[in-house]
Amino acid sequence: MKVAFLGLGTMGLPMAVNLVKAGHAVRGWNRSPAPRTKLAELGAQSAATPREAAADADVVISMLADDAATRAAVIDTGTLAALKPGTIHVNMATVSVALAAELAALHEEQGIGYVAAPVLGRVNVAEAGELNILAAGAAATVAAVQPLFDVLGQKTWYLGERPEQANAAKLAVNFMIGSAIGTMGEAVALAQGHGVDKADFLELVTSTAFAAPVYKGYGKAIAEERFEPAGFKLALGLKDIRLALAAAEQVNVPLPLASALRDAHIESLAHDEGHLDWAALSRTAARRAGQA
Amino acid sequence: MKVAFLGLGTMGLPMAVNLVKAGHAVRGWNRSPAPRTKLAELGAQSAATPREAAADADVVISMLADDAATRAAVIDTGTLAALKPGTIHVNMATVSVALAAELAALHEEQGIGYVAAPVLGRVNVAEAGELNILAAGAAATVAAVQPLFDVLGQKTWYLGERPEQANAAKLAVNFMIGSAIGTMGEAVALAQGHGVDKADFLELVTSTAFAAPVYKGYGKAIAEERFEPAGFKLALGLKDIRLALAAAEQVNVPLPLASALRDAHIESLAHDEGHLDWAALSRTAARRAGQA
Amino acid sequence: MKVAFLGLGTMGLPMAVNLVKAGHAVRGWNRSPAPRTKLAELGAQSAATPREAAADADVVISMLADDAATRAAVIDTGTLAALKPGTIHVNMATVSVALAAELAALHEEQGIGYVAAPVLGRVNVAEAGELNILAAGAAATVAAVQPLFDVLGQKTWYLGERPEQANAAKLAVNFMIGSAIGTMGEAVALAQGHGVDKADFLELVTSTAFAAPVYKGYGKAIAEERFEPAGFKLALGLKDIRLALAAAEQVNVPLPLASALRDAHIESLAHDEGHLDWAALSRTAARRAGQA
Amino acid sequence: MKVAFLGLGTMGLPMAVNLVKAGHAVRGWNRSPAPRTKLAELGAQSAATPREAAADADVVISMLADDAATRAAVIDTGTLAALKPGTIHVNMATVSVALAAELAALHEEQGIGYVAAPVLGRVNVAEAGELNILAAGAAATVAAVQPLFDVLGQKTWYLGERPEQANAAKLAVNFMIGSAIGTMGEAVALAQGHGVDKADFLELVTSTAFAAPVYKGYGKAIAEERFEPAGFKLALGLKDIRLALAAAEQVNVPLPLASALRDAHIESLAHDEGHLDWAALSRTAARRAGQA
């Protein structure tokens, strides 16, 4: 397929690379030019604007930083308006439910297919083509891009006909990750308050009842107090918790645990920790207890 | 070793059985007589009172329901006062940090060793002798009972010289379990609010980032809305969250997530759900959202 | 002074009337025409568009429902763009801190003075010209419109050079009102849980330590379970709590009480109570306790 | 009437003095002797033990620091056991609902009347005989001691037949006070985050919608950052919030705002602020925001 790939960041570049390697005709665009060059060296085309990248594409994949970047690249540049009927736009970024619904409507007006397909997995998982893909949109449209998903991920989870359903699910997952980190922070503060070694406690829980990737990964960082370089910045964690709360409020769902987590993240930012890894959220629990 | 086993409930009985099978001379006591008979059929002795069970024992293991039951059996009956110096009492129940500290002091006064050794694992794990044992107390005393732990569990995690440290760690773990359930409840409410199927969502998260026993087990119960029979009652979950909060307050550690969870549990009780499985905590999130 | 008055709703109309009565040349605009007619009957001029109302005005006062209505009337209609240099725009509505800052910048670019002046007080207070006015903006600009404030209110509280400071203060006050209502709701649930009569309890507290207008007013409604007609709708209370949280997040201030209140409001909306008076927030505490 | 007065602390002494001045035959006891001497100088008798004080009394009033002090003086010393049938015990201290119920049962067994009558008002109010008295117990028993209440207070609020109802109400009031302080703390943090002067903001709110004693008193302390000497210690505030939460949990009433306040108080203690005035709770909001 002719694929336009918008957004060649930490996640987007390895994804686009995998598509190139799988034999797809990829035309890549990125705001800063360096990753375009990298991708081009592997045989992809490079485009100076999103609109140029998307011209004649069968499928446009976007993997941009946030709502604003997505809106800027897809709408403000006229890219969407220039797409030919029948094109499919697959938005794999973690954006708000509100933007997903807005984009779905805009695409429908123009006869363009719109699939929301945010992913689970960090860079190394993206490189291995082992992402978990949360997809929503018209079933036939999702089916049409399944060959691309098969290159990018190990499994596609189909979550509903309305694209924003995938975004709601993705935000719910990210809230769960934030909750796991925040909970470890509080549990560690309790254990430490009684003189139990932090690393011992975390090894115990992440080897037993909580032997899951999220706990193991963030637990290790908390145990070692290793918050730089950030795998995923705390400030981005706050952004996702905020989007989860907004998505929930839209359908009148109160989320008290998410609210408490939001407060903790803001407190982290007030103490200049937004640039640290999400695991640094644990510092807030320690600081409140006078342990830090 | 001559082992007195006080408390032959759902967890205590299979543990005592394993000790009998391993060749230890076990004398069991339980408030209601039925499990004493069961244990006796396997070759153990049966005692009519905790004090009788403990007479001449090298090691007294107690596995009683809560602080009150422990206090009743160990102190009020004169059992502790009758122990001969050199005996070791291993308390494997989930009790409060305050009681653990009080018992540690009382035992020390009498020259009796005291080890706190609460466990992780449900009945089937106890039956298999695969518990995770969280142990604290004087290192030599813990070492002396390690042969018993080797029968009962797959691993002993040593957490400190003061027995209450093991209880603090155990309560921190149970708080984490409560938080995992409460978080799944909120995440599911968010997903459902947008029409995402609850079972689909939970399969997704518990197969990927949250592929850990706690999430898989409780996630399945939530997905199937199967809350009876209770594996572990919601009301007992509240008890443990409350003990975690008390343990934390004692050392000036605020736990906002635990506080929010405590509120949710109380709300469950106000809606007559305390007898249901802990997974039923998820109903509170749904009810708040008008989904239930 | 020649005053344009945009927004003749429940609050705006009596305020505009007072200005007419005080001898100012008022030209009023409202989206729906009825209140324009009413005002005209008292000797004011009526305008079909905000822009027409504002033409040649010395001072433009806006008192619109929310950010969207303000943005629509002031910016989208070209009203602001058409103002002559030297005009002063006094925005007396409760809008977001973000919009206040944005409007302040836009006005400055055009050489138009911008004063934020949200008010405390309900309709009857507005009618009596006894509002408390929270004003912020350049001191000289505020001084220039002080004669109008003297007509509308009993006191002007000057809160800073940057207009958004008045909005931040106003939102902080509204958060305090929401907290007072939410706190009464919980206190009443506790008292009722022990069989103490709700009305007795509320009379006690609002006659003694909490003998303040907010407690007396909302306390009476709670005691009588009289939530219709709404003096101020619960859904608007949620809007203001949300704006307070946003204003706080902007400067990294966590507000855990406001977060808990936001959750309670959303729960009210999930139970179709958004159209009731703000006092109906108390129902959520009762419902959580199984009392309602 | 012959009145035994147990507990001549900051509140108890002026109350006992008023009874003496009103012509009642008062016999006072206090753990430390100094206030006994002071009271004796005004014509009262002094007793070396609670039991001696209570001998032959018509009414025993206790005003002790907390549950433990009450239990020690009333039960452990044998005072209650020695009372003659027909005596009335009026407990005016802020104790737990659980202790009130326990004492009510113990007194009933012995044919002693038991009235719970905690008070609202600080020392100066006690001195002026202007307390608000929250009374509960058998109506006839309360009526019998009303002449004493008329000396001590400006008004008696009768709250129910079961003594613990007055304690539930009193704890609900103290939770409301804690919430008012905590809310001012957060509101001030929000205002300050936008550069609004703390004192200006607090003067504004406590002169208008929140012109009530609690807000004025604590608001002034917050504005002036004057937390010593403590009028009422933050640590005692935590004790009352904790008792309110326990009273609520007993009847399955969740109190999320009280929970959030409990966390804030514990955080204060973790930062060595428990000895400061309750108003110092506001520091926690500032510290979380990085303002302190």
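Order of writing sets the chain letters: A, B, C and D. Residues in each chain are counted from 1.
Assume a residue touches a chain if its C-beta (ideal position, glycine included) is under 8 Å from a C-beta of that chain, and two chains touch if they have at least 3 such contacts.
None of these values were measured; they are calculated from a predicted model.
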Notebook entry, point to check: Farthest from chain C in C-alpha centre terms, which chain would that be?
Noted result: B
Check: Measuring from the mean C-alpha position of chain A to the mean C-alpha position of chain B, what distance in angstrom results?
Finding: 38
Checklist line | Centre distance in Å when chain B and chain C are each reduced to the mean of their C-alpha atoms | finding: 53
Note to self: Could you work out how far the Cα centre of chain A sits from that of chain C, in whole Å?
What the structure shows: 38
Next item on the list: Two or more other chains in contact with one residue: find those residues in chain A.
Entry: 248, 252-256, 260, 263-264, 267, 270, 288-290
Checklist line | Overall pattern in which the protein chains touch one another (line/ring/star/complete/other) | finding: complete
Checklist line | In the complex, chain D residues that touch chain B | finding: 248-249, 252-256, 259-260, 262-264, 266-267, 269-270
Next item on the list: Going by the contact rule at the top, pick out the chain A residues touching chain D in the complex.
Entry: 256, 263, 267, 270-272, 288-290
Notebook entry, point to check: Considering the complex alone, what residue numbers of chain C touch chain D?
Noted result: 97, 120, 132, 134, 157, 159-160, 162, 164-165, 168-169, 171-173, 175-177, 179-180, 182-184, 186-191, 193-197, 200-201, 204-205, 208-215, 244, 247-248, 250-258, 260-261, 263-264, 285, 288-291
